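Chain naming follows the written order as A, B, C and D, and within any one chain the residues start at number 1.
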Amino acid sequence: MDVLNLAHGSFYMIGAYTAYTVVMATQNFWLALLVAPVLLAVIGAALEMVFFRRLYRHGHLPQVLMTFGFTLVFVDLIRSRFGPTTRAIPPPPGLGGAVHLATATFSSYSLFVLGIAIVIGALLVIGWRLTRLGVVLRAGVSDKEMAGLLGIDLPRTFTFTFAFGAALAGLAGVIAAPEFAIYPGMDANVLILALVVVVIGGLGSIEGALLGAAVIGLGYVIGSTLFPQFAIGLIFALMAAVLIIRPSGLLGRRS
Amino acid sequence: MLLALALASIPLWAPRFWIYIATQALIFAIFAMSLDLLVGYAGLPSFGHAAFYGVGAYACALLALGHVDGLVPLLLAGMLGAGAAALPIGALSLRTSGIYFLMLTLAFAQMLWGLAVNWTSLTRGTDGLIGIPRPALPGLDTLNVSLYDRGPFFFLCLLVAIAVFVVLESLVRSPFGKTLEGIRENDRRMRALGFPTFRYRLAAFVLAGMVAGIAGSLAAMSNGFATPDLLYWTVSGLALIAVVVGGTRSFIGPALGAFLVLFAQLGLSTYIDRWELALGALFIAFVLFLPRGLVGLVRRA
Amino acid sequence: MEVTVTDLTVRFGAVAVLDDVDLEIASGERRALIGPNGAGKTTLLNVIAGELRPAQGSVRLGTRDATTLPPWKRARLGLGRTFQRSTLFGQLTVAENVALAVRARIRGSWRFWPGGQHPVREEVGKRLEAAALAHLANRRAANIGHGEQRMLELELALAASPSVLLLDEPMAGLSGAERQSVLNRLLTLPRQVTIVIVEHDLDAVFAIAERVSVLDHGVKIADGGPAAVRADPRVQEAYIGAF
Amino acid sequence: MSDEIEDYLNWKLAGRIDRRDFLKLGVSAAGIALVAACGGSNTVGPTGPTGPEFKLGVVLPYSGVYAELGNSITNGMRMYFDSVGNQAGNRKITVVTADEQVALADAVAATKKVVEQDGVDMVAGYVSSPNAAGNRNYLDGLKMPTLIANAGVNSLSRAAKSPFIYRTSFSNWQPSHPMGTYVAEKLGKKKIQLVYAKYGAGLEAVAAFKETFTGSGGTIVGPDVATPFPNNGDQTPFVQAIQTDKIDGIYCFMSGTDAVTFLKKAAELGTLKKLGLVSGAGFFVEQDVLAAITDAAPDGAITGLHWALPLANKENQDFVSKYSKKFSGRQADVFAVQGFDTARVIVEALNAVKGNTTNKDAFMTAIAGVSFKSPRGDFKFDATTNNVVQTIYVRKTVKDPKLGWTNQVIDQYPGVADPGK
């Protein structure tokens, strides 16, 4: 929806910490999988209505300033509430070990993550393309004025879209919690990767984001085995290459 | 002019620590002004401008550690080094526009940051290059004025800042500047009128990079080190914020924005415990109440 | 400067927007391009101006084969154009808009320090007088009336004193008086300026054009003097079909 | 300290970890308590310190990825200062803190703030090596007595040594150097692959290990697994780069979040279980990491460090129990010990010069002369390197029924001093 949100990483972090709290309290990972997205949707909706709504007509730069502010606020709130210690939660029961397929061994939790990613990806693509809601959202994103003329309640659509995005980020946080460490600064590194993925895929296209994620994921893994030092640099080189060949991303519409 | 006089008086009354902060703010102001040449005048929102700030710092650091002692050669090294980096990056990035350009410049800056961290033989990785001597001032040695004292170094930064301000102000009033604004307003029309818009934008990108390189070399001299942190995306972010807070399409705006952002960041973080909360809230408040920045305030009044 | 277009084909996806079009416009000739909406008129202009690469065919400007030249190089060869939808420098004043076009011609734009703008200001003053826009000199282009914007649009193309002028519906949305002043402006142009005008207002077309080409669904269906074309049954049928 | 203030302090800490106000409050509370003791309850309490106030500038990270270490060190210092009533050499000790953060530019600003704005008499601090090395010239130039409480960069005890900068924590060389001989000779493991985070501390640690390991007949096998620093991606490719079939074991250097993600992924893939030996510098199984990964900890890992939670000596048992009582159940770690010792060095030196710090050289000699029984064992400085001389313990990671996952001491190398060159 053409909003440059640097605080999206914070939603991911809040999702991870929600997972930590829920798992510590109830030992039930699946419950966290539900609680986090709902919590993030509420936070997302509130932020959109109170803060972001005024910014749509000012272009990207004020959005950078505001969302940068939010990242600072969120990281401080998390650190003062949970303390700076690095925390971790074990993968849900049954997914802790490793699976041996032929010669390669895969950690079963990684396979689980792969599975969930595919399922959610598919749901999103279907939802985005086929359902009425998806069409409405796409209209709202592609041409605000036209959508307004067609009687789409724009403010509500944007609030929903933003909240939905925040919920997804929260979900990603929960899924990532057992895989990575949970600590107050964890939002920074995922944010850059997420922005890279979205841009490589092409803005405004869900399939693009999925494709971008696959390209970056493979690029990172291959990169770190070939020359581990420069893996991070490799991802950006990949992004640069894609943007030079197709200036609006792999599946992006010509802006 | 009033502002310049006020700034010039700082070393006389301000306590040592705040002269240091003011010097850092001046260097950051030069960096922010160069960014607004891109963002405000050429309509190119770059999120990777810190790359040239960092390259300038490293170029100056490498030269200084290689026993080059002159002030001018060191500044030139920073400027030309950054310019040399800006040319290829600009040539590639300018093939895109809008948010893609923003992301592409971010990508190149992070690549250079990765290089600075990993090319240990040249940059000594995360430890960075430390112990960089400040150059001797030609001719002034007899008056035992050395750049090692805080006052003279502050004046050097002030002079460079004023020089950059004057050059940039005249640049945007020159035919080149007007053409740049035309390209920002309507690139298609300018091409139809016969302007090779890509070359103008690239020239603007390289010029802004060179000025950022000057700021970088001053930073290397001031702190005596060049570390990969200078190239990290948060530095580009802060510079962009200084421009937005100050107000685009002016140079006094970003300079004020730079002072505000730096005083807030350095001041808050050393004084209050939960400085990130305060800084974040300040930024949010700024966007809500001053969407067009400080200068916007003046213009509207 | 002559403009020759030979077996030009442009496709958007599978649709052939222009199909094997040939056009010879002599130097200094005043050619009109008419046809129903969607006939490909603006597309043809964009190809000549270099904003669109044809699938096949070539464009010659004077003696140069300009098929692959970018728009700004063609402009440098003396090609000026206006756009169907006014593309002006919204935030800049009317005077600044014209100054940019003038400076495009006298090529002082790589000068990095201010000053030396006196000749430009002088010419801008004269041009604004000629276009009856002098009273709006310091108003932002975005804040002037539609008719005035169309006039400014024309003036920007003229300010580069082109030898070939492509006009994309200059009369669209103008009042009677405004149409007349545009017409006067065009008629006072020096003889050697070749004009290619795309316009629906047939009175204006027949007032300016010495020859008329008619496009329908990407195909050139007629070519000739205004009277001959007016009488051509296929033209009427194409137009009637369109209404 | 009177009870209600003690409870109030604990309540405040438990409720909100608010280091700086707490620190100031803690010290001033002590002051008030003393005054109250004298005035209020008319018993003749000890008269307060009469000498001028001794200001200590503490530059540690309270935000960013090292905030955890900054906290532990601060707590350790605070605990020792409180135990002596926040005074020494007849001078009241006031602590002023500044946030070192992560980037060197911020560490320099924080240092300048405490030195110039607060006019401190002494500086203690620096978790990350670049920040310590980056401020070295500035502090040395001002002849400012400084204690490094963590940053292990070797140069500060060697080429970049300064007569005014002493180190109470460790040099990166110390914990790893004895491990080379131990692994090659005592454990007889001859083929080791190096696994480390590629930044200053990592490179120096594995270099020290390699020196003694190859010296005792061991061979380093295969390409090193060097993870990029700061590492924010998935660790799988690095875990899988460990050639479990061609080696006897690995020697690892990592700390904090890197160690947590690496060990969790290794546990999932079961890589470490296939290895004959998992060894390394103690940081990658230190209490902060073990607390996060719990059962994913590499059982039986052999590591070298200058401290271990279950160390039997009285000072350590006393320190560990008091620490968790004072900081609401928080488990002590090596960084808290380093803070504790730093504070003690300051107090002992101040007492030695009876609070007279105007003569810098005399004060520095007093610091150099400090030696005492620390929770980590004998503590003294090596005058040639200004670095601490301490015992390096060889420890085995076990799941202790009472303490949970920790490192049992199985051997030790007393009196390990940095070579200085």
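Just so it is clear, a residue touches a chain if its C-beta (ideal position, glycine included) is under 8 Å from a C-beta of that chain, and two chains touch if they have at least 3 such contacts.
This structure is a prediction, so every number in the text was calculated from the model and none was measured.
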TODO: Would you mind checking the shortest number of contact hops between chain A and chain C?
DONE: 2
TODO: Can you figure out the chain closest to the middle, judged by Cα centres?
DONE: B
Task: Farthest-lying chain, centroid of Cα atoms versus that of chain A - done: C
TODO: Could you give the separation in Å between the centres of chain A and chain D, each centre being the mean of its C-alpha atoms?
DONE: 36
TODO: Indicate the whole-number Å distance between the mean C-alpha point of chain A and the mean C-alpha point of chain B.
DONE: 31
Task: Distance from the mean Cα position of chain D to that of chain C, given in whole angstrom - done: 76
Task: Residues of chain D whose C-beta touches two or more other chains - done: 18, 63, 198, 228
Task: chain B residues counted as touching two or more neighbouring chains - done: 118, 274, 276
Open item on the list: Touching pairs of chains, all of them, please.
Closed with: A-B, A-D, B-C, B-D
Task: Residues of chain D defined as touching chain A within the complex - done: 16-18, 63-65, 67-68, 70-71, 198, 225-228, 230, 232-234, 236-238, 240-241, 256-257, 260-261, 264-265, 268-270, 288-289, 291-296
- [ ] Flag every residue of chain D that touches chain B in the complex, lowest number first.
- [x] 18-21, 62-63, 98-99, 101-106, 108-110, 112-114, 116-117, 129-130, 133-134, 136-138, 153, 198-200, 228-229
TODO: Using the touch rule from the top, collect the residues of chain B that touch chain C in their complex.
DONE: 170-171, 173-176, 178-179, 181-182, 185-186, 188-197, 200
Task: Parts of chain C lying in touch with chain B, wherever the complex brings them together - done: 49, 51, 70-72, 75-76, 80-81, 83, 87-92, 96, 99-101, 103-105, 108-114, 116-117, 156, 160
- [ ] Would you tell me which residues of chain B are touching chain A in their complex?
- [x] 39, 45, 47, 92, 95-100, 102-104, 106-108, 110-111, 114-115, 118, 233, 237, 240-241, 243-245, 248, 274, 276-277, 279-284, 286-288, 291
